[in-house]
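In the part that follows, the structures are each spelled out as structure tokens.
Okay, so chain A shows up in both of these, paired with chain B first and chain C after.
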Partner chain A sequence: MTASLRRYGGVLGMVAIVAFFALSLPDTFLTARNLLNITQQVSMLAVVAATMTVVMVMGDFDLSVGAMASLAGVVAGVLFVQGWPVPLAVGAALAVGLVGGLLNGILVSFVGILPFVATLATLTIFSGTAFIISDGRTIFGRDIPASFSGFARDGLALGMVDGRSLALPNLTLVALGVVALVWVVLEHTSYGRRLYAIGGNREAARLAGIRVVQLRFSAFAFTAVGAAMAGLMTASRVASANPTQGDGLMLTGIAAVFLGMTLTRDGQPRVLASLAGVMVLGVLDNGLTQMRVDSYLREVMVGLIILTSVGVSALSQRRR
Partner chain B sequence: MLTGARVEDQLRGRTLRLDGISRHFGALRALDGVHIELHAGEVHALMGENGAGKSTLIRILAGLERPDAGSILLDGVPVPLGQPAAARAAGLRFIHQELHPVPALSVGENMLLDHPYPHRFGLVDWAALNKIAASALARLGLDHLDPRGPMSALGSGDQMLVRIAASLIGGGAWLYVMDEPTAALTTTESERLFAVMAELVQQGAAILYVSHRMGEVMRLADRITVLRDGVHIATRARAATDVDRVIADMTGRDLGGLFPARAAPAGQAIVLQAEALSSPGLVRADFDLRAGEVLGLAGLSGSGRGALLRAVLGDGPRTGRLTLGGQEVGRSPADTWAQGIAYVPRERRAQGLIMGRTIAENVALPYLTQFARAGVFLHDHRQRQLAQDLGERVRLKAASVSQACAELSGGNQQKVLFARALAGRPRVLLLDEPTRGVDIGARFDLYRLIESLRSEGVSIVLASSDLPELLGLSDRVGVMRDGVLTEILPASGLTEAGLLARFYHGQEMQA
Partner chain C sequence: MIRMTACAMVTLTLGSVSAMAQDVAVITPYLAQPGTQFYVDGFTARAQELGWNVNVIDTAGDVAAVISRIEDMVTQGVDAIVINVDPAQVGAGLQAAADAGIPVVGMDAGSDPLVAANITSNGYAMAAETAVYVANRIGGQGNVVMFTFDPFPPVQVRGVIADAVFANFPDITVLDRITPDVSDGGIAGSRAAMEALLAANPAPGSIAAVWAAWDQPALGALQAIEAAGRANEGIVITGIDANPQARDAIAQGGNFEASVAQDFVGIGTTAADTVARLLAGEPVVQRVIYVPTRLVTIANAE
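On to the complex of A and B.
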């Protein structure tokens, strides 16, 4: 009983949340349009949570993802202002993500600084850099090319509903692609298997011939590129870039992975479970907004739900 | 605090009687009507293979578990069952291999953790605290331990002695249950423990001693109780039994000699050669290793046995020349595993297994690339097949190779490590205390496996603190002292006493 509650409790909780909103918002919540809208709203978070899972599998985490998302958006924006073509600016922003991630990797694995400390420091570095290069201003309006902001508005046409066209948003497709990639890497490659081994027992993995230092280094790059991508997605969606707009992704991203861990049988981070965690947070946000729940109260409620599910999971694990 | 003499008077003649203790887990019979008497002034050994019921019995004694039936009587008075506080009040103390000291505190503070610290003017009276600790240490002759020194500076042997000495504070303790106490100790540390045990018994205490080490049991025990499959098989006086009798009681079968007969070395070709090999803890070692040879490494703990293995594995910096088949050996575990050097580490929990992962994953870990499509995409079926085949080879007992390692017994966990080491068909096998804390049945299997690998031409370096094991398996034995490989001798003709004398050569003979 306890075991099956633990196994399926998270799923039941999700169903309960959806059922609650479906009953409270009968006309608007369970519509194709709203559900597609939710997938777009959570797409940035999904990318951050999926790539965050890569480092959390090793027992590490990355606090700098939110600042990196902001920085990447601002880098693209500043390059747009200087007239760079969209693909080049986007490539440059992703390259900044890669460099930032390699920096995190060097600090954590080669220098040996605790991930908490190292990524807290790079968080402020990335954030400060974003302010410096943007001069603290928001880049918007005509400075953002239409092809860049249009990407987020477009999607894969699915047909007409009630005389309006319905589309699977591009951002959702990007998120699905990232999640699928991370899923293949973590669950079906020797690279992923090694990361799980490091998370399970770093010393044993090293003595069994796993190149722990190099793998940790590379995994941080993964996470930071994901963060940069999420920053670009955000900038595209709001057609602007400012040095703080991605900051919120860090806490929610980590929260989503933790929520996901309560859903897995062995309590380990798994990317599909992280995606489920993202969906829980996304559905909550969407439903509570539609119910006109005050946004500050919303934050309190989301925090309580995270504590409840992680707490219940911890208690049931202790009882085993 | 009681003085030694008064404690003696009080303890003389104390008896703890376990009467018809039974404990079932579903259909599994962990203990069935076990009857044991423990008398003050005796060392009582409790033996049995893993799963015989020793751990359950200890947990019941400690009040951590309630028996389904039976009672425990202290001098005829029932002790409340399933209550740790009652066990403590009855004077029982438990010494495990895994102690949980507070390393940041001093030795004296650790000793008084269970007691109110002495106070003076509302502040901790450190001088008084250290005095209490020092007098407890002195009662066991542990003058080499300073109550003011940091706990973190002590080895596991001294930490255990501190724990024992701490039990004297406050009085009342008379029955010590020691579960595999020497598993993590060096020979010197073990000898110190034995001296302390003798001192305790002299002062009127009783000791229930659980160990897989036959030599220790034969030397220390006054009486020996054997459990098998939860049933009390026999309690015999030490003088009325011998090793073969005890083994027969434990296993119900004649092992026909624990160590396998050895074939002549398979070849004479030198496989591994070291010249002036140095690393942290190892000073300029010269040795060579031939195909199909077992080179034993003997020495006290800290003498450099483990350091030599780690130097060959490439764990940490090294200097000097080290070649495998004429090629220089790599400088990281990843490189050396790829070259055909496999390693079974000393601590299977901390250094060996990824406990939460499956047997198959643990076995394939060093060779994931070789068992993946295009070197990247996992080939789970092949991995499971590999683990299945190697599992049979090492006589692994598991429900399936998809079982998590955490669910296996110590012996079977060790077999998983051996299976891993064989996964890449190694040329050189480095074994660090390969049978530590392993029951005699699994030990028997591992010894035969080592001999069969040797006969196939695998070269093995075996570091062990179990001297009969070293002498029973090795072709040559290297003696190590203070990081120096002092000499390498043919194993034939060596005796345990001879080896011990070589360890201590140039040192003061301890106890």
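On to the complex of A and C.
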């Protein structure tokens, strides 16, 4: 009984949160429109958390994702100003993400710097670069092509509800695509299984013939390209780009993966669990805002909920 | 986590108020900035008189989160939304509000077709106040140095008005119209430009006044004039915005004589009044509503 409570405690907590909001906000919370809304609001975070899972599986993490998100948005913005077509500018921004990820990978795997130090250093490099190429300014207005900012406003039409059209937002679709891709890679390829083996015991993995250095190198590319994509999604959503707008994604993204880890049986990062963590954070933001909870109190409560769930999980792991 | 949620439930139940009155949300990423706090204070004070439930939401600098919170408020079905952020950056949220028929009012936010009205200060009027102050103070004659910044539209309009005022005085000559380097905040770049001008015009009285489109160049010019030992030539300096540093300089009675203060609290109060008009179904035809500003001189700088 206690074992199963431990096992499912996290899930029950999440259900309790949703049930609480559903009861407190009977007319507005569990509506198709609001739920679709939440998926759109968390879509950028979902992409960051899903790709962050790839490196966290190995016991690593990447602090540079927020700065990379900002940088990618600014790169696209600057290229828009110079008249680049949208697909090319977007492609270039994603390429910047790939290069940044490979840089992180080289530093962590080949050079052997601790991920905390290596990605902290690249965080400041990416952030500084974003300031340099944007001149510290926000790129907005006519400089942002309508087709780019329109992407975040559009979606797959689902029909009419209460005289207003309901759509599955494009940003949600992108996030689902990324989550699905990461799920396939981690759960259904030998590549993913090797990453989990590295996370289980790096030395044993190496002795078993797994090419640890090469795998760690490549895994960081996922994180940075995911971050760049999230940065582009943010830029599309706010129809502007500035050198700090993605920064907040890093801490919340890592928090979401940790929240998700409390849901898995062995306490390992799993991408679907990370997605659940993202949804909890999104639901809390949405629900508490609707309940008119003071925004500062809201931040404190979100932090406490993360601590509580991760703490409970840690305690139950120790007792095992 | 379950216990935490129960705990949260108690907090929230105590915190929520019955929603019979009008619900209005104020959403800003900039609550930590002093000006914004004055807007919000002015707004909430009037809203309290009107008996509204006001929900002030700060996203701590995160503009994307402003969109999310607007969407949440639309879902919640509030009666009106007030924003203090560039509407061009939160268009997705404004569209959601428009689709739901919820009016959005801007508090010094910028104009947008989806914002029913923006409440702000009149940049044209502020520039006119200080430009005529300069012209009158120097008796309609002499050389004037202008500091402007045309790339930024709210400041560009100030320069246009000052141009017109000085052009209307036949004996006033605009010696130079300087766009200072603002990457360091504007004071140092303006000081360097002013030092060069002072060196080029060494004769006492050859520069009668400095008109600056905002306070930082005025402060930079003041530093240059004092450092050059020409503080007693009677060069008149004016700025706009009346920031604390400028008020301090004006109060000391030196060359920096005047600036213009925006009525931030009044902008908040007027935003609430405008929301009230919209909620009462009154048509609001003015898309930009100006709140009067006040000239700050040594008489009222403290």
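Simple rule for what comes next: the second predicted complex is superposed on the first by the 320 of 320 C-alpha atoms of A that agree within 3 Å, B and C clash if a C-alpha of one lies under 4 Å from a C-alpha of the other, contacts with A are read in each partner's own complex, and residues count from 1 in each chain.
Heads up, the rule we're going with is that contacts are C-beta pairs under 8 Å (C-beta built on N, C-alpha and C of every residue); 3 or more make two chains touch, one makes a residue touch a chain.
Nothing here was measured: the structure is a model prediction, and the numbers come from that model.
Student: Which partner does A:Trp84 contact after superposing on A: first (chain B), second (chain C), both, neither?
Tutor: A:Trp84: touches no partner chain.
Student: Touching A:Gly13, do we find chain B (first), chain C (second), both, or neither?
Tutor: second
Student: For A:Phe131, decide between first (touching chain B), second (touching chain C), both and neither.
Tutor: neither
Student: Just chain B (first), just chain C (second), both, or neither: which does A:Thr31 touch?
Tutor: Only chain C; A:Thr31 stays clear of chain B.
Student: After superposing on the shared chain, does chain C or chain B touch more chain A residues?
Tutor: C
Student: Name, in rising order, each residue of chain A that touches chain C in their complex.
Tutor: Against chain C, chain A makes touches at 9-10, 12-13, 16-17, 20, 24-25, 27-28, 31, 33-34, 37, 40-41, 44, 136, 138, 140-141, 149, 152-153, 164-165, 234, 237-240, 244-245, 248, 285-286, 288-297, 299, 301, 304-305, 308-309, 312.
Student: Write out the stretch or stretches of chain B touching chain A in their complex.
Tutor: Result: residues 313, 315, 332-334, 336-338, 343, 345, 350-357, 361, 365-366, 368-369, 372, 375-378, 404, 420 of chain B touch chain A.
Student: Per the contact definition, I'd like the list of chain A residues that touch chain B in the complex.
Tutor: 188-191, 193-194, 196-197, 200-201, 203-211, 266, 268
Student: Using the touch definition up top, name the residues of chain C that touch chain A in the complex.
Tutor: Chain C residues touching chain A: 1-5, 8-9, 11-12, 15-17, 53, 55-65, 67-69, 71-73, 75-77, 86, 88-92, 95, 99-100, 183.
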